[in-house]
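Quick heads-up: structures coming right below.
Each of the next two complexes has chain A plus one more chain, namely chain B in the first and chain C in the second.
Presenting the complex of A and B:
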């Protein structure tokens, strides 16, 4: 499965592998403490946030399409 | 506005179903989802795992629908929030589209819980509210979309288990209740009695809608 940012796909897969292992072997068995994937997640996140900004994905609000693009109200 | 809901019984225990659900994509039988990213993940004070994810999808809308909507862009983005409670054995997932929102709104809610009669089985309740805005062919388009969601749901259910069990299984066996048709009716009755199913379309709409709308505020928070 790819990431929304092409450059982030490898980092995403590494993180996913780590998470899926922790999820199945620790979290679901009652041991939710400790997250061995934090560092991987941080690196992956930085990449994704950058991709979201570059692609202008409207995480913060709503994007309008068709019949004359309207700017969403910006509250920030 | 179109409301779609279904219950499905898996012949697998809750843990197995949840592991498969978390790894639902890629799904060769439902290639519409082309990208998945985790934006935030944490364990709350009650030991529940919260995940916020961004999904990019190609709707696979019929070309008639695309022509009516007036968009040639088919890549749409969806925000998803899931909560996994390993003690109560409940996973709840809500999603809403964040693009094309002036044209269509799709709010979905999924809840996975152990079968009330048999802990080796799992129940999935799935609800979707679809609203196409400002078009006279609105309800026709909504029906098309509901059919798409329904057939995608069936494909999702089948394949995720092929992966988890690590061996070739006929996905159709997994995705059709088969001898559990009676089981499904029984589950529905039981869930209704326990008020876990919405008792009216209005309540269903309220639940799925609230679920989706809350996501917008959370995501604003996350990225501010």
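Presenting the complex of A and C:
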């Protein structure tokens, strides 16, 4: 899958590979410590956040799960 | 006005397989409309939950009538954010997904809760809710309200006009505006003056 920043696609794929391994083998089994992907993630983020700014994609200031928290729990 | 959707799906795979697959589902044969995928935030909380924010760009496929009505929207892809919380201890995942552009045209929000299937612990169920809203509903309501207000004002004018003409036809002194009264008075004065002038001329002629 491509990154929104064309130059970031390889970094994204490298990070994804590392993350997917850690996620299945460590995190889901209860071991959330020691994320081995932090360096790859940092490199990837530097690239992609720059691309996001250049393309003026409006991701700033949006609260995590923001509008989802306001939504009423529907009756089951 | 918001359109609401509620649905439930089952995947015949265990929760850990589904959660792992969640991060690897693009690309797939059914995702040709998804152009890019990026993680833009990720952290593990002190209580061992994984928070992530994923940015997706998707093609903006509209029916032809919508392309004609909203030409400015045609050229731009849709940017979508997907926030998620993975809780391996409780074996649940919650996602909230929404579009961050084209919002003046339409906003679609989706909340999913993934958990172990109540009938079969080897399966995973997804409870999906969505809200589809458009500020265009507000525009159409404003147009309706303006139309009604203008119509009511015209009805008032209609009735006043009727009362005016009926009074006039029935010889009553209709209530007129000051301008009309002043104008009529001026005309009447001119008329009287010219009549008086004519009469004087006639009298003078008689005396000669």
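The criterion applied here is as follows: the second predicted complex is superposed on the first by the 60 of 76 C-alpha atoms of A that agree within 3 Å, B and C clash if a C-alpha of one lies under 4 Å from a C-alpha of the other, contacts with A are read in each partner's own complex, and residues count from 1 in each chain.
In the analysis below, a contact is a pair of C-beta atoms (placed from the backbone, for glycine too) under 8 Å apart; a residue touches a chain by one contact, two chains touch by 3 or more.
From a predicted model like this one, the values you see are computed outputs, not experimental measurements.
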| item | value |
| --- | --- |
| Contacts of A:46 with chain B and chain C, given as first, second, both or neither | neither |
| Partner chain(s) touched by A:3 [first = chain B, second = chain C, both, neither] | both |
| Which superposed partner A:32 touches (first chain B, second chain C, both, neither) | both |
| Contacts of A:58 with chain B and chain C, given as first, second, both or neither | both |
| Contacts of A:17 with chain B and chain C, given as first, second, both or neither | neither |
| Overlapping contact positions on chain A, where the chain C interface meets the chain B interface | 1-5, 8, 12, 15, 19-20, 23-24, 27-30, 32, 35, 41, 44-45, 48-49, 52, 57-59, 62, 64-67 |
| Residues of chain A that touch chain C when the two form their complex | 1-5, 8, 12, 15-16, 19-20, 23-24, 27-30, 32, 35, 41, 44-45, 48-49, 52, 57-59, 62, 64-68, 71, 74 |
| Sites on chain A touched by chain B in the complex | 1-5, 8, 12, 15, 19-20, 23-24, 27-30, 32-33, 35, 41, 44-45, 48-49, 52, 57-67, 70, 75-76 |
| Parts of chain C lying in touch with chain A, wherever the complex brings them together | 4, 6, 16, 19-20, 23-24, 26-27, 34-42, 44, 48, 50-51, 53, 55, 57, 79, 81, 83, 85-86, 88-89, 94, 96, 98, 100-101, 109, 111, 129, 131 |
| Complex contacts: residues of chain B adjacent to chain A | 15, 18-19, 22-23, 25-26, 33-39, 41, 43, 47, 49, 54, 56, 69-71, 73, 77, 79, 84, 86-87, 98-103, 216, 219-220, 222-224 |
